[in-house]
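Sharing a structure here in structure tokens format.
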Amino acid sequence: MAQGILVIAEQRRGVLSPVTQELIGAARAIKNDVGGAVSVAIIARDPASLAEGARLDGVDEVLLLPVTADEFQPDLHVAAAMQAVSERDPSLILAPHSVDGWGYAAALAVQADAGFATDVFAIQVDAGEVTAVRGAYGERAHALLEFPGRDRVLLALRPSAFPAAEGAADSTVTELSVPETAARSRHLEFIDPPSEGGVDIPGAEFILSIGRGVGEEDNVEEFAELAEQMQAVLGCSRPIADAGWLPKARQVGYSGKTASSCKLYLALGISGSVQHLAGMKHVENIIAVNSDANAGIFNVARYGVVGDMFEVSKELRQHFE
Amino acid sequence: MKILVPVKQAALVEDDFELRDDGRDVDPDFVDLQLNEWDDYSLETALQLKESHDGIEVVAVTVGDDDAEDALRTCLAKGADRAIRVWDDELGDADPVVIARVLAAVAQRETPDLVLAGTQSSDLGFSATGVAMATFMGWPHAAVVVALDYSPGAATATVERELEGGLRQRLEIDCPAVLTIQLGINTPRYASLRGIKQARSLPVEELTPEDLGLEAQDVGEQACGARVRKMYLPEKGQAEMIEGTPAQQAERIAAIVKEVMGG
Amino acid sequence: MGADRALESGKAVMGGETVEPQTLIGRLLARPDAYAAAGLLAAHPDFADHRLLRMALPDRATGLVFAGMRFSPACLLEELGGWQDSAVQRRLAGNPATPAPVIARLLDNSSADPDVGPRLAAHVRTPTDALPGLVADGRLATRVAAAGHPGAGHGLLLELAGRGEMPVLRVLSARADLSTALLARIWERGDRHVQAELLRAATCPRQLLAAAAHAPHALWRRRAAGHPALPEPVRWRLLRDSDARVRAAVAEAPTTPVELLHRFQADPAQRVRIALARRQDLPPSWLDSLARQPGAWLQRWVARNPCCPRQMLERLAQSAAAEVRRAVSRNPATSAFMLARLAADADPWVRAGAAGRADLYPSVLARLADDTEVDVLGAVAANPSTPAERLAGLAMHDDRDVRRAVAQNPAASAAVLAPLATDPYPLNRFVVSQRDALSLATLEALAGDPEPRIRFIAWKRLGALAASH
């Protein structure tokens, strides 16, 4: 019978991604309930060079799976992972719900004939039965998933949802050979995000965005100044760009720009229409200021302030002189 | 040449909603249906290829009940040549794995030269269907594509994938392939009013899994990767409300800003 | 702007054509449509017909939508008020359009639903005498909502203040109608942050203001600085406050006589000088001295200031900082002559600023209409001085934002707007649907729109037109 946990590590440009540690942290937390060993599979051209980073508390074994590509390639990745699966016969496989994870987890689940869930942010094990929790409908609801009749389950875990494993361990290191596999795509190059120059909503890490709550064109300047003081890029909702109060390049949303690199989004006087949310709801830290306690923006915000954006702005300024 | 575009009628849930009586999904009365946002982009990618090359047929396909037909009509209104809807009530609990198996069976019947799927759906966000479909078909695949350079009939395509933090990966992929398309690859068109009107009278081909040679055990509950035991509302509303006078609220915001941005 | 607001009024169309109420109803009966029916019901009481009501509420999902929609006609909300459906009732309780009789009914069976109480306590149509009953539900959220209710009685407010709950006190402290007694009670129970807010109240006693000027927290001194009845000695003290934030608050307060602010032109803190530069009652010489100081923001604010004299604007228009030139382009005092130069600026955002000015020379506007930047074209398209032929051309532009700007142009005629009613971009059709100047044919086209909200508006307008005859 399948037993143990197999963690599929992620690497890019010769470095393990931070999510790997989180997968190990998640595995460690449920190890006793699942039963069996925790193995971490490192799939890379030179997996031995990355082994140390995976020898963390809770890891019994690091599996080295050498492949013929430097960067993630789905065919090789799945073949290697399948090798580890067939040799270790785990009951639980943990993969990252990252961009590369999207590129192979479903393929692995199909090939391993495993139960499967993605974007999982909590795992429960009850009398040996694994269940998983994920979000649904833009986090408005949570779904508890079960895997009836499956003796193997693959869960793709949401980044930043599980505490990272720490503390070195003297896990054994084993090399497995991966059957020769044709790679049907080839990495050519990485293209780094374009740096500064002009208004850069997609590249901004911190965006201060204003909506119709700003009221009039003459009030916009005050928030432009605040954004500069706070070292944020100024963004806006559609009506503000439509009125010509800010350039279209600053519009966030469905028909505007997406806040792709944003870590912090401060939304002032924005109601939170679906079209605006389309450009920013993925941001991890959203702070919304709105005078209407029922504004939809509060459904996606991490922090909410019911209040007047002018008052908050005046007070905020005091902290960023 | 033929491009197959799998699409989904996605559910947009309103702010205050209730759950279905069995507690396993949202009450459909609180749901708005709309073509999945990502599929606007995959369809647009297909339509742009069609417009810049001769002899390309774009076929939209969905796995969904009667309500999903609107998604296909939207595709037809924008310029898809044909539309196929596969359904059987047995698919009511289908997860991405089962949907992908059905779509792969459609592909087997349609023999397309390229499959353009959305990276994920706006309602459940599995980010799995396209890649699972490729696996059932045995085709190469690339996920989260934000740029595509492809000439119909060519043995390879060059694509860019959007990785974390704005980094991109350029790669070459053997064709035929399944690509999952990311937002931002293009600017999706809106259907003209004339297109919408015409699409109302165009045929939508309706199939059952059985028509595609799939058996009950391929598509029933036991074939699913997972089953929803229950849905529930998150403990507290997601947002932590910052209480206080404006001065207190601003102080807290400033602290959060400094913590997240450092410095 | 204000697009959604127009939903509230059913506007008639241009021209002398007419439609008959019975024809409209007949058309709908032949081809039922919930949103069109709701539009007619919203148009005029004459349409309050049970067949239309039934048509507007075909199922629970539609009922839920209308129960939460601000533009739902009263008769529809009244009908929904009779539904025994907790989700519908929740939405009605939170909908500002819900009419008084429905609120009364919700108050009567103020249900077990914990979300309804706070919503009713916040609803403007909840009568004063119902609030004490609601507050008895024991929920903090209800007390907070009642504390902010514009009709809350003085007795209730005093009682709420007396409980000493900070979230309630904060809401109370922000009320514009604080009596002396209520203020005293809040002061007594509140923490220093709540007390700071009270320093803004019109009824704040002078001795509290005077004491605040000596308070250790800058926040109190800033709050006091803005008070209209600030005792003179206190103001003098605050003018010389060692904390720049307090001095800036004094400079910002419209009640501070400008003559007292002379020294601030040379204040060491840029914040204080900026606060000064934003005042609209400054003598030109002060603005001049501020504009000559380094710091793009100072110049930006001076360039925005409507009392900035022309000569100074001329100089600021030469600034190396594009945002300063943009500010000049938006200043109402900037002459058409100067705008002509800004219209040739290398920076598109500056050209866009000029392109939005209705007082631009026609020749300059014509040149800008050939620009390639979307911000510039959008401003030309929204400019009421742009000639109709130009607008008609821009209404066909490839960029949907430019087309929408035409749809929003207050001077766009019915003929210019007509083709935009079949724009592929739904938002553009939505904007068109709210314009006064529409021909009957355009309204009819919009009445068959695929978007329900557009049909709602179009039918409301058709209904209003019919009812006016």
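Per-chain residue numbering starts at 1, and chain names A, B and C are given in the order in which the chains are listed.
In this section, a residue touches a chain if its C-beta (ideal position, glycine included) is under 8 Å from a C-beta of that chain, and two chains touch if they have at least 3 such contacts.
Just so we're clear, the structure is a prediction, and the values are computed from it rather than from any experiment.
Peer 1: Report the chain whose mean Cα position is at the greatest distance from that of chain A.
Peer 2: Of all chains, C has its centre farthest from that of chain A.
Peer 1: State the pair with the higher C-beta contact count; candidates are A-C and A-B.
Peer 2: Greater number of contacting C-beta pairs: A-B.
Peer 1: Can you check how far apart chain A and chain C are, centre to centre, with Cα atoms defining each centre and the answer in Å?
Peer 2: Each chain's C-alpha centroid was found; their separation is 36 Å.
Peer 1: Quick one: chain A and chain B, Cα centre-to-centre, how many Å?
Peer 2: 19
Peer 1: When you check chain A against every other chain, which residues touch at least two of them?
Peer 2: Correct list: 318.
Peer 1: Can you pull out the residues of chain C that are in contact with at least two other chains?
Peer 2: Residue numbers touching two or more other chains: none in chain C.
Peer 1: Could you check chain B for residues that touch two or more other chains and list them?
Peer 2: Each of 247 in chain B touches at least two other chains.
Peer 1: Note which residues of chain C are touching chain B in the complex, please.
Peer 2: 59-61, 64, 68, 87, 90-91, 115, 166-167, 170, 173, 193-194, 196-197, 219, 422, 424-426, 449-450
Peer 1: Across the complex, what residues on chain B touch chain A?
Peer 2: Residue positions touching the partner: 11-13, 15, 17, 19, 26, 37, 95-97, 100, 119-120, 122-132, 134-136, 140-144, 158, 160-174, 177, 180, 183-184, 221-222, 225-234, 237-242, 246-247, 249-254, 256-257, 260-261.
Peer 1: Over in the complex, which chain C residues touch chain A? Could you list them?
Peer 2: 1, 3, 94, 218, 244-245, 271, 274, 297, 300-301, 304, 323, 327, 330, 348-349, 352, 356, 374-375, 378-379, 382, 400-401, 404-405, 408, 427
Peer 1: Touching residues of chain A toward chain C in the complex: what are they?
Peer 2: Interface residues on chain A, with respect to chain C: 212, 217-218, 221, 224-225, 228, 239, 241-244, 247-248, 255, 294, 317-318, 321.
Peer 1: Using the touch definition up top, name the residues of chain B that touch chain C in the complex.
Peer 2: The contact residues of chain B facing chain C are 14, 16, 18, 28-31, 189-193, 196, 243-245, 247-248.
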